[in-house]
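See the structures that follow.
The same chain A turns up in both complexes below, where it pairs with chain B and then with chain C.
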Partner chain A sequence: MPTDVENWKSEVYGSEIRDHLFEFAERGFDSIPDDERDAWFERFKWWGLYHQRNGQEGYFMMRIGTPNGVLEPGQLRVVGEIADEYARGPGTNPIFGDAYADFTTRQSIQLHWIELSDVPAIFEKLEANGLSTQQACGDSWRNIVGNPVAGKDAQEVIDAWPVIRDLNETFKGNDDHSNLPRKWKVSVTGSADGSGQGDINDLAFEPAYKEVDGEDVVGFNVRVGGGLSRNEPRLARDIDVWVSPERVSDVAGGLSALFRDNGDREDRYNARIKFLVDEWGAERVRETLQEEYVDFDLHTAGRDVREEYTYNTGAGERNDLIGIHDQKDGTNFVGLNVLVGRMGAEDVLELADVAEEYGSGEVRLSQRQNVIVTDVPDDAIDDLLDEPILEHYSPSPSPFMRGSVACTGTEYCSLSIVETKNRQVRYARWLKENVELPDDVDQFHIHLSGCTASCAQPQIADVSLRGMKTRKDGEPVEALDVGLGGGLGAEPQFARWVTQRVPADEVPGAIANLIDTFAAEREEGESFRAFVARHDDDELDAFVDPEETDYDDPMMHNTKRTWYPYAEDDSLDSAPPAPADD
Partner chain B sequence: MTTRLRVLDDGAWISVDDHREVRVSELWRLDTDEFCGCDLADLVVENFQTVGVDGSTVEVRVYGQCIACGASGTTGWIPVGRIRDGSFAAIDRSAIRRPRPETNQ
Partner chain C sequence: MMADRLLRVNAYTTLDLVDGRARGHEFEADAPGVVNVTAPREDPEHVTLQVELDGTDTDALAPHADEIDLSPAQARTLGDALESTADRVEAARADSSADGDADR
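Moving on to the complex of A and B:
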């Protein structure tokens, strides 16, 4: 039997939701009929609006999908202006203030406290500047990810940006692909660094060479069925297909249609294509694609460059895109660390100024929640580095700052079990002050996810932290499970969950003890990931060794029982009413 | 009069008549020997799997973990509240809950 969500989608879904959304915005939040709220909130996701958690009724998270993380000149300023004007609510974050933008692990942007009545004005401003929230959430093609510096990167094998643009234009607002069984996450990468993180996407195009008519041609190998959520992480499976850039849209559309027609619409927990690939196997996916969804002969897989991958691998160069890097046109891109991906609206506007002054005005977002200023000439680099804003958003940050990734957490998210972003900021600051990594280790990735949805991609970090609970002195407190040794690359590996339910205030001490042991017992030049790989779970559990330190955690209570964890009177009974329609 | 019961947002909460009534991240005490070996399981509610009714009692199956012993998995039907005169009344979060014995599955 189809789920309620499927029934709602069969009634109204896709582009047509917009007219209803605007009508509700015009008539006010209360005009949504009481018995239709679940249905409309589910549908609004397709237009990038996600109702915030209980206690924050009537406020929405708005996600802006920026394909491949590309913000063309002027667009970052628009984001900053919208954040400044509209992303202000009744709660003030003690670290980030009143208005901010979140850069996500899928190269999108999230704003909070958005009121329904402001949506038409925001959409108008976004769309006038080439930006959109369309399909940023919901059951369809999500924001397409990849190497954010596609087209500019001196190291790339093939420029994936035209391919991504074409896919975005073809499959956004496309009625044949607007109602899928579940979300559909696509990665297209043209660089040899692996920064598109294709392995953890539903559909991945990765650079590969193929001999076609006697010539070595650059195109993409295809993998299907990756993803991290729900305690069921999967690496995308190789379906033995190589495709030329010109045919990517045909193959992507074929696989999207295959998913549309064969995905499970009766059980949303079983709906992602990773489960269909589990059931069918890669060979049947390929056969079905060939027989039913494309009208040309598929090539077998080409020669990939996975051996060269470095991004998020835990060793070698370019584990991220922070710092100064060569562009193929002789200028540079400068990756700046945005701790946990959150940037105050004023800083967003200032960064837009800086990008215009020293580069082309363009800015790009990475899957490590960081920002990249592109097109900076050699002779402008020193002046750019002297800009005050780069003291905070650094191109050469502490390993603990640059390695931190965090999801939204209980501040706004219904699913999260613990506070995340502010906690990860506190962790990073404490680790920076108190823990020394070996001299030759300049990267250390710690990802904090509030639950098993894995929005912070915890399974592919050196240290993976996932929201949990425990009791301390008999009282329930926020806690984290600790996983170790995850990473991507030629041999991707999910973290092993070695220590469970560490009280959140003992996690910094646990990481400090772990790093002490790593520093003392590693082999010459050994990476942390390799160190983890040669120890069993019991040994690693002993290395973690949770301990109280002078780290103080003010959010040990059940932050979900608050209307906003940082409010002076945070009880759910004190939650503000839904915003008035002014 | 019918009552609309739904699991929404990836199992984050239970909707009763389009209102968010029961949410994840709570600790529930479970009196059952079917989930783990503890006398009283101390269950972190991580995901709601399904919601249903038994008479006037609203029940859920939950994915979670006992923080006393570490066992994790999906529970049997656990009561979360009752429908009285068309309204939902939640069970006190500190209550000891007994999953309904499986009878027809």
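Moving on to the complex of A and C:
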């Protein structure tokens, strides 16, 4: 028998949800019948809206899907204006203030405290400016990711941007592909740096050369079934297919249909295609694709460039896209660090001005929650670097600032069990002041996820932190499991979980001790990831060594039991009422 | 030997922090753990009680979770037993703190 969610989807799903959404917006949040809330909240996800957690009734997170993280000139300003006008609620964040935008690990944008009654006006403004929330969430094609500077990057093998645009246009709002057994995450990368992070996606296209009719042609190798969630991380499996750029859409559509028809609709926890690939094996996926879902002969895999991958590998150049880099047109792109991906609305607007003044007005978002200003001519670089906003959003930040990634956490998310974004800001600031990395180490990635759902991609960081609880001085406190040594590259590796339930206020001390040991015992030039790889779990557990320091954590209590962790009176009983229909 | 947790842990997990112990003929180790009660969303036939002790302090055992399938009647029997025993423990604690013998 299908699940509740499958039943709700069979009644109303896809594009038609919009009419209902607008009707509820018109009649007010309370017009959603109590016994239909779960069903409607599930459906609203298809239009990018997640109801916020317990205690924040009537408020929504809105996700704007920006394919490949591309914000065309003017679009960042629109995001800033919407954040400023609508992303305000009854809670004030002590670090980020009242209105802000979050840049996500899937190159999208999230806004909080959105009221249902404002949704039609927001949609109108987004759509008038070429932006959309459609399928940003829900069981369908999600925001397509890739190297954010596709089409501009001087290190590019093939321009993936037209391919991504075509996939987005073909499969967004496509009724044949709008109701899948589960989410469908696609990565298309044309650069040799691995910055599309294809290995952790349901479907990945990676640059590869193939001899076709005696000529070396650039196209994509295809991998299927990667993903991090459910304590069951998988790397995408090589299905031995190379495809030309012109045929990507056919292969992607074929695989999406294969998933639609064969994925598990009985059990949502077993629904992602990674589990189908486990069951079938890569060979059967390929055979089924060939026999039932495409009408041309598939090529075998071509020669890939995985050996050149550097993004999120923990060593070498370009572990992220921060800093000044060459574009192929002779101008530059400048990657700016947005700590934990959150930027105040005023800063968003100021950055939009800066991007317009020194570049083309375009910006792009990376999977490390950072923002990239593109099209900056050489002679404008110095003036851009002098802009005050770049002091805070730096192109040359501390390794602990640029290496920080965090999910939403208990501030808004109904899954998380610990506070994340503000905590990661506090961690990064403390580590920057108190911990020295060896001189030749300029990258250190720390990813903090509030639960096992893994939205901060914890398994692919040098230090992986994941929300738990422990007891300290007799009281239950927020804690983190610690994993080490994850990263992508030619030989991707998930973190090994070595220490459990470290009290959150002892984590900075634990990381400091770990780095001290690394600095003292590493071989010359050894990366942290390589250092971790040659030690066993018990040795690593001993290196972590939790310790109290002068780091102070004000959020040790059970923040999921508050209505908003930063409210003066944070108890669930003091939760504000759902916003009145205005 | 450490490994990733087997049970998902998020805000819907029944208990993310319990004190427990693993005991065998040749070993005994205290460890914190996770307890969860769940059932399939649709067409469930039984209640599943899941227990996973942290791997850190239990070298004697390979990382694992225990899962027990309970019929609805069994689940209720267990629930009743938990509740009545909780009453007894609470009553005993109230008595002992009235005697000025608080346990903390």
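Throughout what follows, the second predicted complex is superposed on the first by the 582 of 582 C-alpha atoms of A that agree within 3 Å, B and C clash if a C-alpha of one lies under 4 Å from a C-alpha of the other, contacts with A are read in each partner's own complex, and residues count from 1 in each chain.
Everything that follows uses one rule, which is that a contact is a pair of C-beta atoms (placed from the backbone, for glycine too) under 8 Å apart; a residue touches a chain by one contact, two chains touch by 3 or more.
Being a predicted model, the structure only gives us computed values, none of them experimental.
Undergrad: Quick check on the superposition: with chain A as the shared anchor, is it clash or fit for chain B versus chain C?
TA: Here the two partners, once superposed via chain A, clash with each other.
Undergrad: Looking at the overlay, what does A:M468 touch: chain B (first), chain C (second), both, or neither?
TA: Both partners.
Undergrad: Once chain A of both complexes is superposed, is A:S416 in touch with chain B (first), chain C (second), both, or neither?
TA: Touch status of A:S416: both partners.
Undergrad: Let me test your reading of the model: by the given contact rule, A:V498 touches which partner, first (chain B), second (chain C), both or neither?
TA: Only chain C is touched by A:V498; chain B is not.
Undergrad: Of the two partner chains, chain B (first) and chain C (second), which one does A:A128 touch, if any: first, second, both, or neither?
TA: neither
Undergrad: Would you check which partner chain A:A453 touches, where first means chain B only, second means chain C only, and both and neither mean what they say?
TA: A:A453 sits against chain B and chain C alike.
Undergrad: Have a look at where A:E42 lands relative to chain B and chain C in the superposition and call it first, second, both or neither.
TA: first
Undergrad: Could you look at A:D34 and tell me whether it touches chain B, chain C, both or neither (first, second, both, neither)?
TA: first
Undergrad: Once the shared chain is lined up, is A:D537 touching chain B (first), chain C (second), both, or neither of them?
TA: Only chain C; A:D537 stays clear of chain B.
Undergrad: Across the two complexes, find the residues of chain A that touch chain B and also touch chain C.
TA: On chain A, the overlap between the chain B and chain C contacts is residues 4-5, 53, 230, 268, 410, 414-417, 451-453, 467-471, 476, 500-501, 560.
Undergrad: Residue numbers of chain C touching chain A in their complex, please.
TA: Answer in residue numbers: 1-13, 16-17, 19, 32, 40-43, 54-56, 104.
Undergrad: If we count contacts the way the header does, which residues on chain B are in touch with chain A in the complex?
TA: 4, 6, 8-13, 15, 17-20, 23-27, 42, 44, 46-47, 49, 65, 67, 70
Undergrad: With touch defined as at the start, can you tell me which chain A residues reach chain B in the complex?
TA: Its residues touching chain B are 4-5, 34-38, 42, 53-54, 229-230, 268-269, 410, 413-418, 451-453, 467-471, 476, 479, 500-501, 558, 560.
Undergrad: Which residues of chain A touch chain C in their complex?
TA: 1-6, 53, 230-231, 266-268, 410, 414-417, 451-453, 467-471, 474, 476, 481, 483, 496-501, 537-538, 541, 560
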